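Chain lettering (A, B, C and D) follows the sequence in which the chains are written, and residue indices restart at 1 in each chain.
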């Protein structure tokens, strides 16, 4: 596959935009279409494209499985930690309104953080699944 | 609320303690526990002594009564003598199990409510099964398994009966009742299974003789006599019991006459003796109940004595079949004398405990002018002498010389035998203490000239019949089929024929079923899978089919319900 | 202050521990964390139960959103009791897990095992605690996915196939539940259980409600392994790692039963389920079949784990039977048996974990003479086994008693007979193990083994002791079950 | 009984010597006679008529015992099996 020059160049051109779009969906999910899940999938698809074009072995160097496992865990921790933080700040679990003096602002912060956690976990899980399946039989 | 501890718990707790001890301490404990229990039995006043709440019911785990105390006394005495008999020979697990068994039986004797009764009832089963198993032989294991299953089946019948009774009356108290509804019939049936009543009586001669010499002594006392106790409390005067009891009397005689194994002879005679008691309970007058209670007390002692002497023979010779034994009186005089005393007592010879107890039942039948019952009881009395009174000592200690010259058993065994022999004679000579314990005031004089003449004529002429027909009584190496044939032979055969792969019956049944099933389901399965066989090749698929079927069926049913 | 948030913490604490286990990367560290967390969760569940018993049902608004819009955690006596069962088993299984997992699972996967285990615990606790049907579905999936992983970690190659089968059927079950929830949402526009319960009576003539009922009952039936939807269970329990078998057998199917009860009584209401729909008859027939078939098949197994798995199917049949009577005593029997069966099956499977730890096998033949070589383990097995049979003074007797009382109250004598005859079958299959362990001599080439390590033995014996203690002192179990049964029958959470 | 009379009678236990056994039989028959004769002295007031007849316990005991033995024998021909019957369960 490394011989396909056009593919490699197009992929190199596309991947940054895919990642950027992923980040856009991630950060604007709280008041537009999108959110952590979709963003995570889009973000992961950038790396998956890379793996398809440049080979799984290269992709593994970019995203080592250990890192992925850590990211999966960290994403979940972020999600659950935000909930706990709300609890520590005097609200119910996941009650973001307590994060700022104005409930709307607090909600904004809380949702943003939670979605980030979701995004990290989803993209890491997607990549792990892809690399695991792609790595079978080698 | 705790005013009194259930006396049986001393023995049950002791059973758990025994294996942890050793040496002299263990021996002391074996002898002390039954005596402590005996003391506790007599410290319980009449009436409820302990109540507690369990499963929404107010239970009376300990309720003193004259009758319960009588039985508990006999049970504790038996535990003492049995412990003494076994203390140096038996495995500790056997004594422990026997004490648990005895403790549960005493628990039944003091149970004031049906739930407590049932709990102790089931504990008795566990204890007795372990007693049988402690022999450690394969045949004991199998017999014990059959024993357990029969009794657990009886327990099931009893439990359904008890729950039904509680649902009908709202009361858990264990008191007199009548077999007038299904649930109470079930209670009666559950009790009768333990009494060794037909048709489930074969467990007794099947299991008891497979236990070790001392274990059989323990076993003989508790299971059937607790059944007598509960029948007496619950179903006194229940007419059907007269006929059940009489059946047991003659069943025991006939089967014992055919039997070759000395301890099975005695096992059959337990059923025979319990038959007398059950008949008395069926008659239900004060005289009859006194007779049954007194006879149960006397029976525990002399049957213990008989089995001790048989056990001593088995322990010393390792043989249990009449065909292998004989002439042992030469070298085992103490055992012989004790065996004869027991045999006299069971035959109710004058001056023995049987004489002062059994004929109360006959007397009661006579007083009620139950002619047929009276004549049958008299014939039964003659038959007792025939099958146990003469047959057992004759074939074991006399008849031909088998050439065996074993010495008398160790001191603790013969001490236990002597104690019971003393009690057999003592109660026969001086029955007042026994009569004082009976549930009703005793209006009966055993030693009248008429009674003595009657008894001597009956017994001596039964003896004459025995010796005249001795050639007919020649022992053979046989066993006699009983109801247990159905679950020991017929059912296993049937199951094997159906269950084992490749057997002809199974092949035919399977073929027929499969053809029919295919006929119905073939189109359905072909639709799903061309090869057409269900779960074998791909279980997940098979399971999914089940899901689909179940969902479809429920959906259809629910829709149909809605359309109505 | 913190007591206000116990409902959230009950789920969140194990949830957070799962990623931490992954981050720890070390088997021992992960085990230590998981053990501490499991015991913390147990403590929380006990505190919740105490709170519910003294103050009545609790409600917790997730994220501060009020029901029915937000997710509500609602804890009444029934699910407080369930929480104690699930968390308690989790706490008791964890100490055993250290040795057992070290023997059965490769070192590089151990921390992942504990992470999956914590996720399964989280999911089970979440299913039980939530008062929102969609949230329930989410937790159901968390549990299921974690369980598939746990089963697949079994040392035997067949574990993979068992796990796959479990996955396919479990997914079908979860999907059915989701379809049912979807149909309910379509008709009522709400996902909150209490809200659903208030709206369904007016809508119960509608076919979507009936279809939802069918889907949910069948879906839950799959999850709880109701006969004939049990086919995933024997393989999954047989080939899973020993502690996983113990944990899942003691909790997962019980939670399935809980879900069924919750939907039947709280969401749809007893009147709808038993008077308009013939659920009672269906559950009774399937329950009786489960009892008979499960027990009979168990009698013929040679792998003891598999035998216990089939016995679980029979025991689940008892619970279904208890529900089918739709009477107080029937429900008490079902609910008490949830607890009792968790205790005895937990003890039995943990005892097998001990056996496997020493012998490397749980085949009947390999256990010859084990009564003398591992006396405490086998004594525990016998005690819990007697409880399974329903011997008086054990918990099994209590369940059996209430079941028979319920059957006789309803005039169903034959059902009472079948229940009790099946307990004889339980005796037969338990006794096959006892016979081999106590009455057979080991083969000449059998490995010399000693008693299992104390860390495994103590929890096992604790569960067996519970089987006996709660068979004598029934105040807590029967008391809670009775009140839970009454409130279930009244309808509404 | 008399079938197994050995030749060296003096070497046997006194209880199984032919002479003793003969004496025991005589004693036994005498006892039988005495107990029946007691019916003349003692009034065994019967309740049912039949039981008041002369020597009722004696003849009744003898007859029922013979009947029971014959009955058992008859049943035995149907129900008795080798004692290894169940061994191949």
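Definition applied: a residue touches a chain if its C-beta (ideal position, glycine included) is under 8 Å from a C-beta of that chain, and two chains touch if they have at least 3 such contacts.
Not measured: the values here are computed from a predicted model.
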item	value
Co-neighbours of chain B and chain A - touch as defined	C
B-C compared against A-C, more contacting pairs	B-C
Farthest chain (mean CA position) relative to chain D	A
Distance between chain centroids, defined by C-alpha means - chain A, chain D (Å)	103
Centroid spacing, where centroids are CA-atom means, of chain C and chain D in whole angstrom	69
Centre-of-Cα separation between chain C and chain B, whole angstrom	41
Approximate Å spacing (C-alpha centroids) for the pair chain A, chain C	35
Multi-partner residues of chain C (at least 2 other chains)	none
Contacts with 2+ other chains: residues of chain D	none
Arrangement of touching chains [line / ring / star / complete / other]	line
Pairs of chains in contact (touch as defined earlier), listed by label	A-C, B-C, B-D
Complex interface listing, chain C residues touching chain A	5, 8-9, 12, 15-16, 18-20, 22-23, 60-64, 115
Contacting residues of chain B [partner chain C, same complex]	54-56, 118-119, 122-123, 126, 133, 141, 145, 148-149, 152-153, 156, 159-160, 163-164, 166-167, 182-183, 535, 539-540, 542-544, 546-547, 550-551, 554-555, 557-559, 561-562
Touching residues on chain C, where the partner in the complex is chain B	164-165, 168-169, 172-173, 176, 205, 207, 210-211, 213-215, 217-218, 221-222, 228-229, 231-232, 235, 276-278, 282, 391-393, 398, 401-402, 404-405, 408-409, 413, 416-417, 420-421, 423-424, 427, 431, 435, 439, 474, 478, 482
Residues of chain D defined as touching chain B within the complex	1, 4, 13, 15-16, 28, 31-32, 35-36, 38-39, 41-45, 47-48, 50-51, 55-62, 64-66, 68-73, 75-76, 79-83, 85-86, 89
List of chain A residues in touch with chain C within their complex	69-70, 72-77, 80-81, 83-84, 86-87, 91-97
